[in-house]
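Next, two complexes with subunit A in common: one pairs it with subunit B, the other with subunit C.
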Partner chain A sequence: MPIIVEGVWYAYPNGVEALRGVDLTISDGDFVVIMGPNGAGKTTLVKTFNGLIRPTRGRVLVDGVDTREATVAELARKVGLVFQNPDHQLFCATVEEEIAFALRNFGFPEEEIARRVDWALRAFGLEEYRDVPPLVLSGGEKKRVALASILVWDPKYLVLDEPTLGQDYAQKEKLRKMVEGLLGERSVVIVTHDIEFVVDFRPRPKVVLMAEGKVLAQGKAEELLTDQELLSRASLVRPQVPEVLYRLREKGLDVRTDVLDPEEARDVIISSVVGR
Partner chain B sequence: MSSLLEGLVFQKRDSLLHRLDPRVKLAYALAVMVMAGIHDSLPPLLAMLLAQLPLAAIGKVMRAWAKTLRGSLPLVLLIMGTNLLFTWLQGSPITIYVVERILALAIRFLVFVASFSIFTLTTSPDDLSLALEQMGIPYSFCFMFRAALRFTPVMVREARTTMDAQRARGLELDKGGPIDRARRYIPILIPLIVNAITRAWSMAEAMESRAWGATGKRTSLYVLRLRGRDYLALLATTFSLIMALYARFYFSFPYILPYIVSLL
Partner chain C sequence: MEGGMGIIEVEGLRFTYSGSRRPALDGIDLSIRKGEFVILTGPSGCGKTTFCRCLNGLIPHFYPGDFEGRVVVAGLDTREHEIWELAQHVGLVFQNPENQLFCLTVEADVAFGPENLGLPRDEIRRRVDWALKATGMWELRDRAPHELSGGQQQRAAIASVLAMEPDILVLDEPTSFLDPAGAAELISLISDLNKSLGMTVVLVEHRLDLASAFSDRVIIMDRGRVALDGPPEEVLTDPRASGLGIGIPKVVKLYELLADGGLKLPKVPLSPPELADLVAEVA
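Coming up: the complex of A and B.
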């Protein structure tokens, strides 16, 4: 059963229309990246998945349940949403308690909580910080605690809002490996501006481009992220690999430009040169 | 509650009230506070409340003003409820006179809200800070005041995000009894307070790196000067204050509620 977003409109109480007729389906095991400029409605959209935002028009179905008919807590059991800034959620005296927080809210039995927290601490390399207050950790560590505190209840849909914000390359790399490890069993949705982060994923995600509260386009990363017109409407900079190919084309070399992979680009260039 | 806060935020308009000297408006708000504070019977308090109405109209802030009053209704009901409860707990009978006194207390609160909201709606925080400064209050206090006003909307936004983040982790905010419910706000309050302190630190650093407080004596680009209309407004305020004082000591107001009830 998927998450189905049907003709969703949403206006904030101050009158700003953040979503203007969005249709989207997140199927089981899907890997979707939502991209677009600031104010495109990306965060608002993912907040409709767990009922934090209820559409003013249209509806959102999570595994067949209309989000208007369920509480946020019930929906959160299935949809784990990790917020941009861990400082908005970390409050416990120790990392261990922080990670157990949601499990207690959901009423897991204590031995189950202990088992899952141990797993999460190990999976995120946080064992040495078990008894440390999360507030004293570094930015990257805080992000990991926040992520662990969501993944610990094993939500069917995992949604990450701007996970790479303020992370250095090594941390991004680690995050990407981790997300890649989660794919398959779960659906993963990532909201981001970081186009190179998206391009490096194997397998590549399905891309949803948003602007002004609407979905501009959705489809394969290779098609959407190499389309100059779409990219500029979504205020994104073309990834480096197609950029190189475009410039070669400008110089008269007859190469395909819908390529994101460096090795594939190499072969495209070689075959175009040798083939001539 | 949020609409109550909304109604206290400055609204940029072109009106007589907006052009008045902020010090005069402050004097007015304080004078109304004194007037309402010394009276405890319904007729004068009702009159004071009604007297705010034309002022809100002159200031062209009617809608936001009405919204503030509406937003304060839960607090008014709370005041009336607790008073009724304690009267009943003391074992005194709840007569129509008691009800009128309690109603007067509630109206007094509304007068406070009404006059202060007219003041804050028509006075920009910058003007207010300037007024305080030129009344001789140390600049650091004025700045503190201005920063507090400036960061209120930021805090409100932050509180909303934090609530969303915790609800996304299964926290149910509106379940259980009052004590349980208050306890559920701990996961909201801690991040909010920690972030406020962090922000204050980084703001202090940013200010110091721009040489805040380098000179003891500050000059102002704008210097406040009372004009004719300011003197007139001040005169009217003083007159009302004297009238209110006079009425308080030389006049006793009748109960009006029994009369209204007998009419029905």
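Coming up: the complex of A and C.
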């Protein structure tokens, strides 16, 4: 059963219309990236998945349940949302308590809690911080605690809002590998505008481009992320690899431009240069 | 600046924050020439931000700790001159503009620094107008900073620093909170200030794909030391760079892949148009 977003509109109390008629389906095992400029409505949209935001018009169904008829606590069991800023999420006295918090709320037995917390501390390299207050950790470490505290209850849908913000390249690589390892069993949704981070994923995600509260386009990364017209409407800059190919085509070389992978671009360029 | 002396001279710099056992900076020697555009990068915790704080005197004057060595900016030894004095030579722009803007209008924020220097009214007016125009913020001068987009806020933060007429602009990950189009615009503004005003730029940045084409020099720091330092073409193709966890731009990777595949290009490209030009030349 999927998450189905049907004709969703949302206006904040101050009148700002953040979502203006969004339709989207996240199927079981899907890997979806939502991209677009600041203020496009990306964060508002993912907050409708777990009922933090309820549509002013339209509806969101999570595994067949209308989010207006369920509590956030019920929805959170299925939809784990990791916030952009870990400071908005972390509040416990120690990392261990932080990670155990939701499990206690969901009523897991203590033995099970201990087992899962140990797993999460190990999986995220946080064992040495077990008794440390999360708020004294570095930005990258806090992000890992935030992620661990959600993944520990194994939500069916994992939603990450701007997970690469303020992370260096090595941390981004680790995050990418970790997400790749989670794919298949769960649906993963990532909100980001880090286009070079997105194109390095294997498998590549399905891409949803948003602007001004609407979905501009959705489809394969190779098609959407090489289309300059669409990208500029989403305030994105074309990744470097297709940008090179596009410029070569303008110079009269016979090259394909729907390529994101550097190795593939090498082959395309070499065969076109040799072919002349 | 007389005979060969850089606008920034750092000698044997070591700094350990109070309460920390590990030095944040562990022996840095470098010289930056007037008008250079330097990118400073390296993994989180490598000491980049601490180094920036040393350039405008926040270290040692504001952050307590154990300071060794010497930092001389625009001829002033930072130990012997106070922060307000150094601020007239070194403007520091932070990652999050919300930490830097606090007035009710952009114009008031930009005027804040010069007013605190006790400058004459006409001089304040001249500097504020110039800084607003140089950053493209003139039309938005009456707006409240919180009403602006992230990119506009960051431009306002740069304007407020420019109004001090510094020789050196130090920017600590200024594009982190911006979307790609906003980040590209900001980097191009910084490059304009460097080229048209000859302003020395030290830019702390992880997104080398965006910034390296504008730079004269890339410095990679690791564990409080300088690990690599040189022109971007050399540093980004140094095998040690990827070992340090640096995001090598895709155009540089593609250049290396083409060379492995038998297509050797005459120089290392730093941007897609540059790579396309090089390929078109040999095709």
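By definition in this document, the second predicted complex is superposed on the first by the 275 of 276 C-alpha atoms of A that agree within 3 Å, B and C clash if a C-alpha of one lies under 4 Å from a C-alpha of the other, contacts with A are read in each partner's own complex, and residues count from 1 in each chain.
Note that in this section a contact is a pair of C-beta atoms (placed from the backbone, for glycine too) under 8 Å apart; a residue touches a chain by one contact, two chains touch by 3 or more.
These numbers were taken from a predicted model, which means no experiment stands behind them.
Student: Name the contact category of A:Thr71: first (subunit B only), second (subunit C only), both, or neither.
Tutor: So A:Thr71 only meets subunit B here.
Student: Where does A:Gly21 make contact in the superposed view: on subunit B (first), on subunit C (second), on both, or on neither?
Tutor: neither
Student: Comparing subunit C with subunit B, which touches more residues belonging to subunit A?
Tutor: Larger number of subunit A residues touched: C.
Student: One more residue to check, A:Glu243. First (subunit B), second (subunit C), both or neither?
Tutor: second
Student: Which partner does A:Phe91 reach: the first (subunit B), the second (subunit C), both, or neither?
Tutor: Only subunit B; A:Phe91 stays clear of subunit C.
Student: After superposition on the shared chain, which partner residues are touched by A:Ala265: those of subunit B (first), subunit C (second), both, or neither?
Tutor: Once the two structures are laid over each other on A, A:Ala265 reaches subunit C alone.
Student: Would you check which partner chain A:Gln167 touches, where first means subunit B only, second means subunit C only, and both and neither mean what they say?
Tutor: It touches subunit C, and subunit B stays clear.
Student: Which partner does A:Pro133 contact after superposing on A: first (subunit B), second (subunit C), both, neither?
Tutor: Neither partner.
Student: If we count contacts the way the header does, which residues on subunit A are in touch with subunit C in the complex?
Tutor: Residues in contact with subunit C: 37-39, 138-140, 165-173, 193, 195-196, 232, 235-237, 239-241, 243-244, 247-248, 250-251, 253, 262-263, 265-267, 269-270, 272-273, 276.
Student: Which part of subunit B faces subunit A closely enough to touch in the complex?
Tutor: Against subunit A, the touching part of subunit B is residues 158, 161-162, 164-172, 186-187, 190-191, 194-195, 198.
Student: Give every residue of subunit C touching subunit A within the complex, in rising order.
Tutor: Spelled out, the residues of subunit C in touch with subunit A are 42-45, 95, 149-150, 173, 176-182, 184, 206, 209, 245-247, 249-251, 253-254, 257-258, 260-263, 271-273, 275-276, 279-280, 282-283.
Student: Hey, which residues of subunit A end up touching subunit B in the complex?
Tutor: 47, 50, 52, 71-73, 76-77, 80-81, 83, 85, 87-91, 101-102, 105-106, 135, 149-150, 153
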